[in-house]
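Working notes for the structure below.
A, B, C, D, E, F, G and H label the chains in the order they appear, each numbered from 1.
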Amino acid sequence: MIRDRVLALLRQVAEGHVDADAALDQLARDPIESLSFATIDHHRALRQGYPEVILGQGKTTGQIVAIAERIAAHGDGFLVTRAAPDALTALEGGFPALEVNLVGRCAYLPPNEPTPRGRGTILIVTAGTSDLPVAEEASVTAGALGNTVERLTDVGVAGIHRVLSGAEALTRAAVVIVIAGMDGALPSVVGGLVSRPVIAVPTSVGYGASFGGIAALLAALNSCAAGVTVVNIDNGFGAAVAASRITHASVP
Amino acid sequence: MIRDRVLALLRQVAEGHVDADAALDQLARDPIESLSFATIDHHRALRQGYPEVILGQGKTTGQIVAIAERIAAHGDGFLVTRAAPDALTALEGGFPALEVNLVGRCAYLPPNEPTPRGRGTILIVTAGTSDLPVAEEASVTAGALGNTVERLTDVGVAGIHRVLSGAEALTRAAVVIVIAGMDGALPSVVGGLVSRPVIAVPTSVGYGASFGGIAALLAALNSCAAGVTVVNIDNGFGAAVAASRITHASVP
Amino acid sequence: MIRDRVLALLRQVAEGHVDADAALDQLARDPIESLSFATIDHHRALRQGYPEVILGQGKTTGQIVAIAERIAAHGDGFLVTRAAPDALTALEGGFPALEVNLVGRCAYLPPNEPTPRGRGTILIVTAGTSDLPVAEEASVTAGALGNTVERLTDVGVAGIHRVLSGAEALTRAAVVIVIAGMDGALPSVVGGLVSRPVIAVPTSVGYGASFGGIAALLAALNSCAAGVTVVNIDNGFGAAVAASRITHASVP
Amino acid sequence: MIRDRVLALLRQVAEGHVDADAALDQLARDPIESLSFATIDHHRALRQGYPEVILGQGKTTGQIVAIAERIAAHGDGFLVTRAAPDALTALEGGFPALEVNLVGRCAYLPPNEPTPRGRGTILIVTAGTSDLPVAEEASVTAGALGNTVERLTDVGVAGIHRVLSGAEALTRAAVVIVIAGMDGALPSVVGGLVSRPVIAVPTSVGYGASFGGIAALLAALNSCAAGVTVVNIDNGFGAAVAASRITHASVP
Amino acid sequence: MIRDRVLALLRQVAEGHVDADAALDQLARDPIESLSFATIDHHRALRQGYPEVILGQGKTTGQIVAIAERIAAHGDGFLVTRAAPDALTALEGGFPALEVNLVGRCAYLPPNEPTPRGRGTILIVTAGTSDLPVAEEASVTAGALGNTVERLTDVGVAGIHRVLSGAEALTRAAVVIVIAGMDGALPSVVGGLVSRPVIAVPTSVGYGASFGGIAALLAALNSCAAGVTVVNIDNGFGAAVAASRITHASVP
Amino acid sequence: MIRDRVLALLRQVAEGHVDADAALDQLARDPIESLSFATIDHHRALRQGYPEVILGQGKTTGQIVAIAERIAAHGDGFLVTRAAPDALTALEGGFPALEVNLVGRCAYLPPNEPTPRGRGTILIVTAGTSDLPVAEEASVTAGALGNTVERLTDVGVAGIHRVLSGAEALTRAAVVIVIAGMDGALPSVVGGLVSRPVIAVPTSVGYGASFGGIAALLAALNSCAAGVTVVNIDNGFGAAVAASRITHASVP
Amino acid sequence: MIRDRVLALLRQVAEGHVDADAALDQLARDPIESLSFATIDHHRALRQGYPEVILGQGKTTGQIVAIAERIAAHGDGFLVTRAAPDALTALEGGFPALEVNLVGRCAYLPPNEPTPRGRGTILIVTAGTSDLPVAEEASVTAGALGNTVERLTDVGVAGIHRVLSGAEALTRAAVVIVIAGMDGALPSVVGGLVSRPVIAVPTSVGYGASFGGIAALLAALNSCAAGVTVVNIDNGFGAAVAASRITHASVP
Amino acid sequence: MIRDRVLALLRQVAEGHVDADAALDQLARDPIESLSFATIDHHRALRQGYPEVILGQGKTTGQIVAIAERIAAHGDGFLVTRAAPDALTALEGGFPALEVNLVGRCAYLPPNEPTPRGRGTILIVTAGTSDLPVAEEASVTAGALGNTVERLTDVGVAGIHRVLSGAEALTRAAVVIVIAGMDGALPSVVGGLVSRPVIAVPTSVGYGASFGGIAALLAALNSCAAGVTVVNIDNGFGAAVAASRITHASVP
């Protein structure tokens, strides 16, 4: 896609429709809009297959709203993640169509154009009730990216029959996201049960030597089930995007 | 699949062809063969879509050869990874059809039955020459699992035009594996360029504060390109299995 | 026990009392009740010898109360640990028979059926006054599991005669739980004094280079007294369950 | 026992059989023999219920042999652990009755008096073939302490049916030792299957982000199965001593 | 300069203008003024080329104001960094000419004498909007030290064209400060694009395995672009001082 | 001293003044008073040369006051450290003679008997103003233990002449306590300047890669000035006790 | 420079001298030569102002020699760093003009065209004799990049007069590189003495809690002397490149 | 002492015996002799009360011998620590009076002038036989610095009576050095038994979660016995120097 766009521009130059200096400027700056505190990339949706995402953490409510307004002004939708309740409330006031998820600390504004649908179901499996906020973030994100989502909740390995009883859902899914804190043992068990892609999300659930999710992260990285991949601690958003990259891949 | 096999067995019990005690025994022990030091799972190939893998590290040459012989006796192929040169030599003597890769420290014996082909190409991108052993392991593994592999070598971000010049290969691939040590910056750049699944393999290449690959691992986990997933440091094998899970997934 | 239950079911199938599909369903789902946010395992009490435990941390008060109500509706008791004061107050309102321990941040509802008694005394030894909350959690848990509990308080090794003066209690106990923060030296001294099982609970008591209990945890793991085992930092609950596994083990 | 011995001595003083200075000397020095480089405690066997143990690591062959000779001269047996092959060979020459285990890097000389038998079986479960050296150390130690040992080998959770197929052995054991490296997920699964004491031994098996066993250690400490206890990485010896403390505990 | 000052003093002694004891006292104590809680170095401005800096963190508002007053009483300017809003308000009341930057948590009082100008522009590049507070601190500091500052904002590598579009500003700068959290990949890309000095400031922006900026710090230290230097996490102040050391260096 | 006390008791037994059982009881329990949450050691003052110390952190105000009252009831003084303002206020109400130091978060009640004086001066050197709370804790503690204290404040190595100007005080001191955060470089410089004992107290002053004082702690432990010893991060109390052990040591 | 080259190419397209497809190919691939294991960037010298550098670590001797030959075939010089003695010997055989430095583990082949000279002197200061290999690497690199190098050796802060005695050299330098292991205190002292740019290189010299250079690295990052920048542990090469970026910067 | 020397020189300048430039030169350079790789400080002995120490680690045998020769040429003695066997052999050949300690990896050449004697005994206590090399280093160092040394060996806390039996030696010592690896519990017990200065030396003895001595280091830093100070892991040398600073301190 990058090559195509550059090639088209070079042809315009070759044909005299665009002069060299202007082409260079366009090459460099076109798809970007600069606020004083942010550089918005209106073409990312096109290039990456998903709406502009605003990471709420570390931004003021004012900054979040301003960025959201610019995006919405282009008719694009947006997804806000890791947002404080204040920011969610402020956004809700400004965008009546906004879908807010308080547990998942996120909000979604559907774009004007429908999002392309992913193929198959994304199954979100959680080890315990405390992992729910991460699961909600993953679920909202996967939905925003055009996917069908299923859930299997509170099936940690200390009661191994709980996950075995979900075998049907596990084998039906196109991609499985496994969300687990504490010992992070669930991704290994699931990775051994299914042959489809499995994405582990370690969570910060736990205390003491869980070290804010490091225990679960290391367990996932060292999974004895081959081919399990991992995202950052508590990163439900990232797991959903990774899953959606898979469901949206179409090979000619 | 698990459900199907259990259901079939239960039906045999219901029809009186198998009695309850025997069914339980079969349920528990059938697909497993026990050596004194290993429990070989001959059905894993079926369940997971890839041949039995022998992790050479931590096993003696004698143990590796003994396990390999049992597997080959069933007509199954095998993949040996992280094997010392001694073990590779010993295996080569016993299995004439074995394909040995010294740089990647692995060996592959094709099975009697052809492996199902994955859809599309797996592209393996490396940041530097020192990352080659990990790339070889990934390449051999991906091939053994029935995939077509392409390579893009030594395109680290310090010369950003090197990776940009590979844009054609990047956009053509079904899955991209990005292998990088030191600062681990390459997965983020690649993850921003393509919309297909991207799997990062941090490597232990580096010194001092690279801490044996921790720097690259953390960079990959914190990638600012959404939806990049990560496997363990130097785990070329795991990345290839994960990629092959994607290329072999078929959704009805 | 698992085998017994599966065997019984298989026999029912063989005798035609249950058909195959129903058997599979029962096998998978029977002992589990699903809320939207939790999967309650009503048979765990049977299988593990202790009541359902609700880890309060990471759950909302509403979730805790809802889970507690479902369990109590089955006539089972429950133990809530790591609960915020709010949650304890809410539970107290709903369950008049509830025993609340504010220092230990936990609450216990005795079940309708009496809990089987463990053999011998569990002695809980603490190094300092600041370790009390962990000791309370251990004490309530051990009691709930049917054990007799004794205490030896504030006997850290800087005044070695304090622990030596407790020799009588130490030798009388069936299991000793040693709770210590800071340098975590007490488990080694106690482990050298008694021949019974010793379980160390490192605590987060300390500052600076205690790193939230890591110093005490590492000391316990490296105890020069052989055969001391360790649970997670501040995990009084886990130590009591481990001790109760010992007092309830009966070998034919 | 300490109290008894002190009380007896005090009575001898009270009766004039021992004068005060001599009593104090005896109190302090009696059970100990000093070499220039070691202080041997001949009464420890009595106090702790197991023979003197010589940690081979960090000692020269000469030191190990000299300590072993002093102990044997008292008719006591000994157990040498973490010994280099050289040291094992040197010991073998000096003690014909010595039982050497090369894989477990340990050796055992039975004492003149038979060791008291523990009640029930200690089951040693390993996740993979590479965990065998640790399992051997545990097995030799448990045997030396008077226990019956069973084994369940290579039953890691990536093939969950392997451990489920061992359910009979699991429920038969008095104590279960679970030895696992990499993701360290096996202790949680086993801890959820059995109600008897479970002791986890994380191993240094793995690479990259396993960090020499830290990943498995943290997983074990954060086990979602309540009441699993943990010993140091690769510490098969310590786990066996802990198990033997349990099998030898007799409560009146 | 030190040598010159000492030499001058020694000459005064040699010429009898100053006696030995007084010289020693002057040598030791002259440029320093002692409060009960601080030792103010009025000559540092001279020696180092920048005004006295007051690190607000860890000081009470009263201490900050008292130190500021002593400095201002000498006609010197000062820069307060990492100050709480309360402290900034208190200072604003006392020094009407004070320039306060709330986002950057700092304040600057220009000195009576103009600050020498640095040669060339310092370009401050940020990866994301959340890095702004660090960029503000750097910008205020660089300005206070007599430098011209330019900005390139929100040009993280996930959209690589954003930083490429800033090539003109990058090549124009005398020194480039690159501020990035999360994966910390931007310094490597910038360091490969320009031949001028590049100073990386890792930030604590991120969550989970970013570990408060460690991920970005390690990435910067392991930059595959040679000659990138690094300052502490979130240390915009230090980066600006380092840049100003470069712009103010004049080699005869 | 321990030997003397035991010897005296044994003699009383030998002479028939005390019987054996009573002697054992006295041996074990005499100097200790047990509250439900604390075991107070009234003889520690005698044995260690300093008053009972109450570590405020981790104790409730009620617990602190109760312990203080028991000690004061014996005519002993006490030192409370790391106390919250509430606890200090509560103590102040109950003990009119109490000396409270808010910056140092501690309070001291002089005992009825005068404390023996240490020989020489303890010099407390701080690198920066933010290190003051730790210096206050050290100062109050050293005073309570009978020492004369001098101070050298804000003499960090970035202005090396500041510490050199304190050479007189440095060479006059019997013991030097050096308190420094951030880079922790000051102990090395001071350790090279003086030949007397130097005790380093790393502090948590700093941010980012200071990791709560780890940077300063490691610097102190690796001091290139031989013979510098170190206490825990922010442990002004411990440094003062260590210094007082030196000033109170009298060798015949 | 990048802009200029792209602009020139675009003009050639506009003027019809180059067609669009060819331009794109040239844009992407021109300056790069691909071996099977490396992508050599012949234009980097131009863009960055220094010769191609071959990081020897992680490459085989064969790979190093092959890359070196390709570079030399273009008339370019090269610098090989972190090379094993074998590799240095092999290179010496092939390139008679090669300058080998065994202590610094590096080798330099001057290019055909003279390297532009940097302005002023780079002073390399080391804390101890053990830091010499890093200093040699820095010295060879700085020389290869066209700089004049001075040295100040073994002037660690434990003897503070040693570094003070080098004041003349310190104030004369354009840039100061400070190389120190253990406590890493020297950069702070030097950073306080001079106003020119100071680059700290922490080294792995030390043992125990130096953790392979982490102590020195953290000290440098937390330097209380403002504006000290840091490179990776033992990275003499990187420090020299950073210094050379400064000496070669020319502002119009 | 520094003040005195500077004052004397200033007086010589004032009296015209020395001119200013020469004085400055003398001030800066006098006590130092520069080799190409080392700066020897012949006055350190005077200033610090101990002979020049050569840290063997990181230096070649040639460098060690050359430095030793320069020092001996001044009639000074030296102490070489952490020396490889080769270096010790080479030194032995050159200095017939050299005292070599192979276990402690060090060597000592007594100076021409007798070393001043320290007051009282330094007691070196070790927890286990594996700690001996560190104890030897401490012992040789303490002896070289003019001290009387006593030893208490293999008295780890798992057999608490072993250390109690050493009470006489403990109370007799002027300073106690406690050397312990694994759990590092011994310093706390000793620190509670004696009122004299106690210096802890954590050792790297242990495995797994001892992390090369970190467990013992943290235990020592968090000692519940107040006033225990700590030196680096395995730093027997540093502990002896610290102890000798105490025994040589004389307060007027």
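Throughout what follows, a contact is a pair of C-beta atoms (placed from the backbone, for glycine too) under 8 Å apart; a residue touches a chain by one contact, two chains touch by 3 or more.
Note that the structure is a prediction, hence the values are computed from the model and not measured.
In summary, the chains found to touch both chain C and chain F are D, H.
For chain C, the chain with the farthest CA centroid is G.
The greatest centre-to-centre gap from chain E, using C-alpha centroids, is found for D.
Distance between chain centres (mean CA atoms), chain E to chain H: 40 Å. Centroids built from CA atoms put chain G at 58 Å from chain C. Taking the mean of the C-alpha atoms as each chain's centre, chain A and chain F sit 53 Å apart.
Separation between the centroids of chain D and chain H, computed from CA atoms only, is 38 Å. Among the residues of chain C, those in touch with two or more other chains are 3, 27, 128, 159, 164, 167, 192-193, 208-210, 214, 217, 221-222, 226, 232-233. Taken in their complex, chain H has these residues touching chain E: 3, 6-7, 10-11, 13-14, 16, 19-21, 23-24, 27. By the touch criterion stated above, chain E contacts chain B in their complex at residues 127-128, 156-160, 164, 182-185, 188-189, 191-193, 206, 208-211, 214-216, 218-226. Within the complex, the chain B residues that touch chain D are 28-29, 31-32, 34, 36-39, 41, 44, 55, 57-59, 63, 67, 82, 204, 212-214, 217, 232-235. Interface of chain G with chain E (complex): residues 1-3, 47-50, 53, 119-120, 164, 167-168, 171, 174-175, 192-193, 195-199, 217, 221-222, 226-233, 237-242, 244-246, 248-249, 251. Contacts from chain C toward chain F in the complex involve residues 128-130, 132, 153-155, 159, 161-162, 164-165, 167, 205, 207-210.
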